[in-house]
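A, B and C are the chain letters, set down in written order, and residue numbers restart from 1 in every chain.
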Amino acid sequence: MRIPLAALIGLILTAIYFLAAIFAPLIAPYGVAEVVGQVWEPSSADYLLGTDNIGRDLLSRMIYGGRTTIFIATAATILSFTTGAILGFLATVLGGWWDQLMSRFVDLLMSIPTLIFALVVLSVMPVTVPVLILVMGFLDSTRVYRLARAVAVDINVMDYVEAARLRGEGNRWVIFREILPNALSPLVAEMGMRFIFMVLFVSTLSFLGLGVQPPGADWGGIVKENADGIVYGIGAALYPAVAIATLAISVNLVADWVLNRTTSLKGGRG
Amino acid sequence: MPTLVKLLAQRIALGLLLLFLVSILIFAGTNILPGDVAQSILGQSATPEALANLRKELGLNDPVVTRYFSWLGGALHGDLGTALTSRLDIATEIGRRLGNTLFLAFWAAVIAVPLAIFLGLLAVRYRDRWPDKVISAFTLASISVPEFLIGYLLMFFIGVKLRWFPSTAISYRPDADLFTRLESIALPVAVLTFVVLAHMMRMTRAAILNVMQSAYIETAELKGLRMFTIIWRHAFPNSIAPIVNVVMLNLAYLVVGVVVIEVVFVYPGMGQYLVDHVSKRDVPVVQACGLIFAAVYIGMNLIADVVSILANPRLRHPK
Amino acid sequence: MKDQLDYLKWRVGAGRLSRREFLGRASALGLSAFAANTMLADAVRAAGAQKGGTMIVGLQGGSSSDSLDPALATNQVALSAIRLWGESLVELAPDGSVEGKVAESFESSPDAKVWTFKIRSGIQFSNGKDVTAEDVVETMDRHSGEDTKSGALGIMRGISSVKAEGDTVIFELETPNADLPYLLADYHLIIQPGGGKDDPAAAIGTGPYIIKSAEMGVRIVAEKNPNYWGDLGNAETIEIVVINDNTARVAALQSGQVHMIDRVPPRTAGLVARAPGVNVYSTKGPGHYVFIAHCNTAPFDNNDVRLALKYGINRQEMVDKILFGYGSIGNDTPINASYPYFTEIEQREYDPDKAKFHFDKSGYDGSILLRTSDNSFPGAPDAAALYQQSLAAAGINMEIKREPNDGYWSEVWNVQPFCTSYWGGRPTQDQMYTTAYLSSADWNDTKFKNEQFDQLLIAARGELDDAKRKQMYADMGNILHNEGGLICPMFNDFIDATTDKIAGWEEGVAGYALMNSYAPLKMWVVA
């Protein structure tokens, strides 16, 4: 199997980010909270990316920050995708009242403004990382559900699905053998997007006083801490932003490649 | 097509029922929010006497159910009550704010939606060649940078350095002439476009690619049609369902989710209004905003569902 | 050289030269910065205030849930709006004294228990009605009645009666208070017709401007009051725009959309000052950023723990990194040189060894939990992170918990035993101590209870001998410094900025933001 160059770059970058996240304490030159220099020092041999808004080593903070960001975003994305897609497909194949019930329930959840929803839910639950992932994944799965259902409904009325049903295949077969392979491309494209949204969402959570506790950090948080300087040519906020962007692009390059492979799997003209 | 009319009526009825359920949820939710209304209104500089007096005056002593129905009754007549904090009529205030929000969302959508679909089609046309890659990388990068950072960058480079457009929307007034209003929202519209473009463009590309393998596309190709015509006439209509869903999600986002942009560009929209009142625990306003946002979402989802059905002949005429 | 200076002065006065340009050229002529600054102020004043024009002011702090009712004012936007349309009996003058506004003059009985305020004759409210002593009495009543929500209620509590007598108003106090005029200068106590009881948010008062339109949390537009009794107010129209985002506020100033802003973030103030056409002003004041420990809750009930925390904080580092030098170090009392009876106490330095000594002595060996939030003061989570590091050097382990902005003042401040907070300060020691350090104070946010301190505080109020009074405040400062639950690392400067399209900034002794919020009135648009 030959991997195209773009996908290779994506894979390598993604791998580097994940490895850096896993081995953060071994790689980072300084501690995440350690104040080592003056405010916003330019990059030097001692501090490869310079220092942040209170004089901590930016590189070390980025490495530790990547850990939180990547872990929470990955876990929440996987959660939202499995729940959202499976329920969406299920609603389609079951059809009728089940479909109406589930779809309208999802509409209901989606129509409550996220801010109010998060405030209410998190006020009655303890704020820990697992709860955070659950809430984020759950809220997001409603969006995935809608897409999965919309795609699946189109597929469900195709002749080959009908054929499968006439053959006497059960719902499980229809979902996993007929709908899933045919719905994969939009879903994979969506997954790449959702991952980015999760990365950004982690940082907006600090607005609610949730998310990552200081002196810890996530990439979005580091952008925010250093954003003041950006307009005066102090680039400290750009590094984490670039990190998010490159991670996003590499994850999506990988997603595109998977998308290509799946379209050719369908046995078209490849 | 009586089935279609029936379908539509059914969906709208369901939407209304849904709105009713949401109103109960919102009412219940806002009533269990922690934090004290009085303390939040008076802030850090509140004396206990002042607090006690305000609490009494807000008179939150009636049973919840009674309050719910009197609120719902009022809302149906367009009377959303009075804000606890500012004592202003909520319906008037929201009317003004909602108008502003819709104005901003409308212009962002007018630019972003066609652009996203066009870029998506272009990406499919030149699939795996450089235009596709450039569009992909650009849109992905623009979506992964936090929106306030894009806002700050545009504000300083276009607003302060180049002075092409006003750096903030403070000169925006609902009664100004169209040109002034458009000029003052130029930068926020640009940022919003960046933010929603990638999602819609990528879904367009993926959904069209998904149907490009089908037999009818091959037929069209063998007929000798131009590639762009094939994509536009044959592939696009068949991939409309997921695209419409994502477009509606983003339109809803433009209406309810733009707090950050409103704050950064000082635009007097609904998001800022809601956040101000959530932090002051001004429950009637939060409920009213919640209801309107819910209506927007339900409406958008309804449109998405109906368009999906209309676009697919097999769904339009179920066997 | 003199000719050149005169020429420069003329150019500044005429608005053809910015303040920075003037200072730069004056120093090139060999003038010290101080002399140049003084000369500049003279030059600008000599040219005289120009009347007319529209001044646009971008301020932080407004919200769409605000009200124009002065009793409910809590933020800079509300205060600035009040300055436009209303006046108290007396107000704080730039030199720190009290000057008459609605009251023409005032005097006290020898024991400072009975105060008489004479109402300025012939002044009118903006609705055309004459101001009477009854209006004043009704206003005081609205702020002190049983059912008031006024932020000034705490002030009104020491007053036993307010009576109108002809054109004078007589205040009788429960205990002597030499500082009563300072208390009545409070911005909540705006004199309104009939006390504002009918329509508290009507914004009708005796101020130099009349509110034309107000969209709360967005903008307030005011026009000159043609019947104003005094000479305050230069611009024809003043427009207050709410800009809560720091970067947006600075950008609006730099691009000329507004003429004046408050709260320039200290971190970027130096960079903003370098931009062309922008002047940045920093003013020393009584505001301070604090870490507050409850003296009645373990482990903070042990004074050695509190001393360990006081020795374990690096004040200079906080001033450098949180205030970027726009401030001064604190000394664990809420009082600094901006108060009239200030006495210096020996500065407590960062000393990890002493911190460790006191911590070991206390017998407590657990960790300390500090709660903070972004809105407890600007940069609070960063300050907490710095504190954590400086304590770690003393072997003390501190954990930080970031709380939601939303609800911080009701759920954390004054509730949890150790958190970050801020104080805006008060015009007098008596008021500051009475508000937050008297045993019975509602806002005693360190739960500090000290009998000796309370006695001194009450005694000082009625003490008319300045030297004795000063000594009393010095003793109280020492008690707080050594035993209080207040850990005060820094006093923050107010940092405001204007474009060079407006002129007339004055440095005041009584430092508050925007010339005590008079800047929109006292400055003028350069034609």
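Assume a residue touches a chain if its C-beta (ideal position, glycine included) is under 8 Å from a C-beta of that chain, and two chains touch if they have at least 3 such contacts.
Small disclaimer: the values here were computed from a predicted structure and weren't measured.
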Comparison of A-B and B-C by number of C-beta pairs in contact, larger one: A-B
Farthest chain relative to chain A (centres taken as mean CA coordinates): C
Cα-centroid distance, chain A relative to chain C, in whole angstrom: 45
Centroid spacing, where centroids are CA-atom means, of chain A and chain B in whole angstrom: 21
Gap in Å, rounded to a whole number, between the CA centres of chain C and chain B: 40
Chain B: positions in contact with at least two other chains: 34, 152, 155-156, 160, 278
For chain A, residues that touch 2 or more chains besides their own: 119, 227, 231
Where chain C touches two or more other chains at once, by residue number: 247, 251, 405-406
Touching residues on chain A, where the partner in the complex is chain C: 33-35, 39, 53-55, 119, 206-210, 213-215, 225, 227-229, 231-232
Residue ranges of chain C touching chain A (in the complex, touch as defined): 246-247, 250-251, 265, 267-268, 271, 320-322, 324, 372-374, 381-382, 384-386, 388-389, 400-406, 408
Residue ranges of chain B touching chain A (in the complex, touch as defined): 14, 17-19, 21-22, 25-26, 29-30, 32-34, 133, 136-137, 140-141, 143-146, 148-149, 152-153, 155-156, 160, 198-199, 202-203, 205-207, 209-210, 212-214, 218, 241-242, 244-246, 249, 256-257, 259-260, 274-275, 278, 286, 289-290, 293-298, 301, 304, 308, 312, 314-315, 318
Chain B residues touching chain C - in the complex, by the definition given at the top: 34-36, 39-50, 53-54, 56-57, 83, 85-88, 93, 96-97, 152, 155-156, 159-160, 163, 166-168, 170-171, 263-266, 268, 272-273, 276-280, 282, 285
Parts of chain C lying in touch with chain B, wherever the complex brings them together: 58, 63-67, 72, 74-75, 146-151, 153-154, 201, 215-219, 241-245, 247-248, 251-252, 254-255, 257-258, 405-407, 409-411, 413, 421, 442-443
